[in-house]
Amino acid sequence: MSLAKSEMYNLISQKLYTGVICDTLDQLGFRNQAMREDIRPMDQAVTLVGTAKTMLAVDVYQTMKNPYDTEIKAIDSIQPDEVVVVATNRSTRNGPWGELLSTAAKMRGARGAIVDGLIRDSKRISELRFPVFCTGFKPVDSNGRGIVIDYDCPVEVGGVLVNSGDIVFADHDGVVVIPKDTLEQVVEIALQKVNRENRTREELLQGKLLRDVYEKYGVL
Amino acid sequence: MSLAKSEMYNLISQKLYTGVICDTLDQLGFRNQAMREDIRPMDQAVTLVGTAKTMLAVDVYQTMKNPYDTEIKAIDSIQPDEVVVVATNRSTRNGPWGELLSTAAKMRGARGAIVDGLIRDSKRISELRFPVFCTGFKPVDSNGRGIVIDYDCPVEVGGVLVNSGDIVFADHDGVVVIPKDTLEQVVEIALQKVNRENRTREELLQGKLLRDVYEKYGVL
Amino acid sequence: MSLAKSEMYNLISQKLYTGVICDTLDQLGFRNQAMREDIRPMDQAVTLVGTAKTMLAVDVYQTMKNPYDTEIKAIDSIQPDEVVVVATNRSTRNGPWGELLSTAAKMRGARGAIVDGLIRDSKRISELRFPVFCTGFKPVDSNGRGIVIDYDCPVEVGGVLVNSGDIVFADHDGVVVIPKDTLEQVVEIALQKVNRENRTREELLQGKLLRDVYEKYGVL
Amino acid sequence: MSLAKSEMYNLISQKLYTGVICDTLDQLGFRNQAMREDIRPMDQAVTLVGTAKTMLAVDVYQTMKNPYDTEIKAIDSIQPDEVVVVATNRSTRNGPWGELLSTAAKMRGARGAIVDGLIRDSKRISELRFPVFCTGFKPVDSNGRGIVIDYDCPVEVGGVLVNSGDIVFADHDGVVVIPKDTLEQVVEIALQKVNRENRTREELLQGKLLRDVYEKYGVL
Amino acid sequence: MSLAKSEMYNLISQKLYTGVICDTLDQLGFRNQAMREDIRPMDQAVTLVGTAKTMLAVDVYQTMKNPYDTEIKAIDSIQPDEVVVVATNRSTRNGPWGELLSTAAKMRGARGAIVDGLIRDSKRISELRFPVFCTGFKPVDSNGRGIVIDYDCPVEVGGVLVNSGDIVFADHDGVVVIPKDTLEQVVEIALQKVNRENRTREELLQGKLLRDVYEKYGVL
Amino acid sequence: MSLAKSEMYNLISQKLYTGVICDTLDQLGFRNQAMREDIRPMDQAVTLVGTAKTMLAVDVYQTMKNPYDTEIKAIDSIQPDEVVVVATNRSTRNGPWGELLSTAAKMRGARGAIVDGLIRDSKRISELRFPVFCTGFKPVDSNGRGIVIDYDCPVEVGGVLVNSGDIVFADHDGVVVIPKDTLEQVVEIALQKVNRENRTREELLQGKLLRDVYEKYGVL
């Protein structure tokens, strides 16, 4: 990659948006990369992009021995520019992510977290300015409710299979997963698409009919 | 109608709210005019009122020939003071509405859109100040996911049957559909109800018991 | 209780949060005290604590004689520092709570309301600064849709059984029910937990590994 | 009515089926008379037709005084050829119908029951040969879980508004509600439709193309 | 216990039914012992009673090393008169139970299985006459979809917490869990209730009014 | 293909079952070929295999001109050994399949139908001995509720993408889609797997431990 990873992520965050990335992935034949619509940003204005670091949490019904063991290993192994991607098998009993995990993850260099489940400590996470996308909130601890059984493993999050190393990009429209080997190609094509959309918008704002503008640029 | 259409809509927007309209429609025997609660405003503070212009989008599973043909015809035929009302048969795969459609619709005079489905380009739509009510967000294009098969046809949106020409009124409490022939009567009765609610509120704020105030004004 | 009730509630509101209360209740063996995640605050920043006053509304399909009779009795019997807790059996047809009830409740001294159902008049309720947590919004009146059949009775709200006299505490993370006889003990333990979490946070912010900090404080 | 009620019901049961009744009601402009698909017959082979006698049960969370009072009145007032139609507001906590109610209802002359909810004692109800359509089974008693608050009132069952006196007709395809004033007209038209469908079927069974047969009879 | 375990289970199976057991548990204060209604018998006529042996399966997204290790240990440790009770956290991706597990379990003495999830090989399981209650069917293997992470642990199945050693009783009306220390008391009370229900039924079948019979026996 | 298509299908139907086909497809890397569990056989004992012929029906809200035009073309173009596979975008309003379509399809040589939606005329379809798998029953006609917009197009049915020409195989455990180019390979491997399962079963029935038998045959 000609750009350093963090520069590439900043470029995506500043110049692109999830819609144009999805269109590009569609064009390349990756048509199921957008997560389910119930994974939402805590802060509507935030944009998040980084390298996926996956964790798999599952529901349990008793306090376990060393309940946090795998979870702590996962967090302490985070690398800079990673985004923690947490599968919970869509639990609504557990609150597997909270402020202290956010703090520890941030200090290791994580850019944010995507949780296919409920989280807690939302107010303090906001104050920490650590971007989190999740399906909702519940003030409960995971002890006796869920346990992390693996990390850096394939997980299904929001209906999309994610591997550690894939790129996740999230904004107000949702979360999209870019397979790791396609990143440079995706960004290059997407930047061109943005230009075409810009010209379409300009002509529409001049009052031209959609028919005429669409026939000129082929974008909608 | 003694008032021009746009003046009537401005009056509704400034003096009335969906709750008092629903009560009035109840009184006239129209008891199923409020849409399902999952159709929400993008901007919580916005109010939207206008003449319904319906579109029907359905899910498909391949790229179609001329996928946007009917959609473009629908958009280019929008008249001032219309609100685009999009049925998707509650799709969660497709994102049938976005920024470029919003721009084109706005330039034809549309006041906003009600989508019983997911949309994308939410940030730019906000910047455009084009009010949209929808069930959520997904960054995908409709090409290969959905197609508009008809417009100006009856549609079911949020559980309410809507015809082009009906009046839709939407605020933070939800979306209500006013059958076109009842508009003047509905507005007249609703304005009276507002007065009665104002007097009820005032007396409650003086600390009177709900029992006493309700017996005086019959409003709750 | 050494503190007056309202002082205790203010202490909870200022020093504690629902997460630490849930952890404390877990420790005391009360593991199902957090409500379902779809009961959300109207205003994300608000905190609400008070004594539960329960009401039970059920769906009906006709206009009843004296439809508001039990409801009015319930509202007029509210005591200061109470929070109205409304069960609707998860109705999505009815809007059993609105501005006039909020006004009347506030004037009797209520601190807010928790509704396991839809409400209306959300804009005016916000202006009234009366905190309401609910599952959503619908602009319809309850007349012909629902009726209050009892109050000060056990109700299931958000999946938690609540009795009048229990303490409800709600913030951005959700709503937790504190059984009335445990309040003092819960608050005392929770205040200690907060200290431990504070020290954990501080050491994480210094960049220490989660493993080391967790082993020191046992908090996560 | 030229036929006695019970003779009319026997005629419907022997010569007609819910599909042809729905088509007839469609033709007369009653397009929402078929109940939701999750109300299913206990015995797949059974057909049930009779005069609706409605009951409305709602969830409660404590043992009530005289919990069965209204329910007993409802059952004891059943007339011959009635079908008990029970709304529960779609409860999945309660089992409001069982064997003893079936026995009592049958002895008063009821032809069966339609329950928009769960029932119990399914084995004995089968042995009693009392046809019941319901959404499922749960072995719990209603005491402390639900209470009948009204009967002979309008109810919504399977998404269809039913009044005592309407005719309900149920077979393996589902449950349809015939508004009481339309019965004779509906039966007359339906009998003619059956003939046309019979001729269509015969010609299809001879191997003719659907196009040709449809153009001849206009039925599909 | 004065009766051997297997004799007790046969007595329950022959003389009792889940409804009367639920009523007895209600009376003793255990009001949440009936499982969710979507756990259904494969064979409607079958009755199943035995000692719970729990297993916890969770969804995974890759083929694991030794995927069946814990599962095999669980099966090989089954004791006579046990019923395997499988939690899957309500997975609809996995089919964690099938014919070979049924065969192995039966040969160890298991009386049947309760699965809060989907199963496969339903035809052969029927031929084996091994009673299974489950939420449905899917022909997929668990390898790469789910893994058993624990057994003889507390699990939540059909919304009820079950421990190994509890007694499960299942018939056409559903599945009920009898806490292990209450079994003898529950059976004794239930047998008396059956008598009272029998007398109620007899008098109803003589045509008496429900009011009169209920006042005599207090059963409904 | 060395066997004629109909002979191949009969071989599958007699010697194989959906479970072993899914395992084989897993092994070949096709891991999402089993449909959602809510598509169920009308007759539990039936097995259905054939070449997919797809149809796409969508919900509409008015009576269309020539509502059956595309549908009739689709049915009249059915070839022997085909199975009609109907997508409805999971409609619960419409009943797009019934007896007359079944009759016409059967006379063209269709082996059965898979409908991801509700059907009607279930009793007569059973009498016709035309196997249908569907999600449920509703006695309504499609006229004014749905319309077939395309056929021999890709459709998503039960969550699996199906093309005309793929092979569908359905039994009591569910429905599996075999991509057309893999059929011979899948059948060959599956027949071997059946042998290994047979030997596993035999040794389990001799009472051997699952551990020992699994280590010998590697099948579970």
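So that you can tell them apart, the chains are marked A, B, C, D, E and F in the order they are listed, and the count of residues begins at 1 in each.
Here, a residue touches a chain if its C-beta (ideal position, glycine included) is under 8 Å from a C-beta of that chain, and two chains touch if they have at least 3 such contacts.
Remember, it's a predicted structure, so these values are computed and weren't measured experimentally.
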Query - Farthest chain relative to subunit C (centres taken as mean CA coordinates) - result: F
**Report entry** Same-interface partner of A-B, chosen from the options B-F, A-C or A-E, over half of the pairs matching
**Finding:** A-C
Query raised in the report: Same residues or different residues: which describes how subunit B and subunit F meet, taking over half shared numbers as same?
Result: same
Query raised in the report: Between subunit B and subunit C, what is the separation of their C-alpha centroids in Å?
Result: 31
Query - Inter-centroid spacing, subunit F versus subunit C (mean Cα positions, whole Å) - result: 49
Report summary line: Averaging C-alpha coordinates per chain, one finds the centres of subunit C and subunit D separated by a number of Å equal to 41
Report summary line: By the touch definition above, subunit E meets two or more other chains at residues none
**Report entry** Touching pairs among all chains present in the structure
**Finding:** A-B, A-C, A-E, B-C, B-F, C-D, D-E, D-F, E-F
Query raised in the report: In their complex, what parts of subunit B are in touch with subunit F?
Result: 56, 58-62, 87, 89, 91, 149-150, 153-156, 161
**Report entry** Residue ranges of subunit B touching subunit C (in the complex, touch as defined)
**Finding:** 17-19, 21-23, 26, 31, 34, 36-38, 171-174, 176, 197, 200-201, 204-205, 207, 209-211, 213-214, 219-220
Query raised in the report: Can you list the subunit C residues touching subunit B in their complex?
Result: 68, 71-73, 75-76, 92, 95, 98-101, 103-104, 107, 118, 120-123, 135-141, 143-144
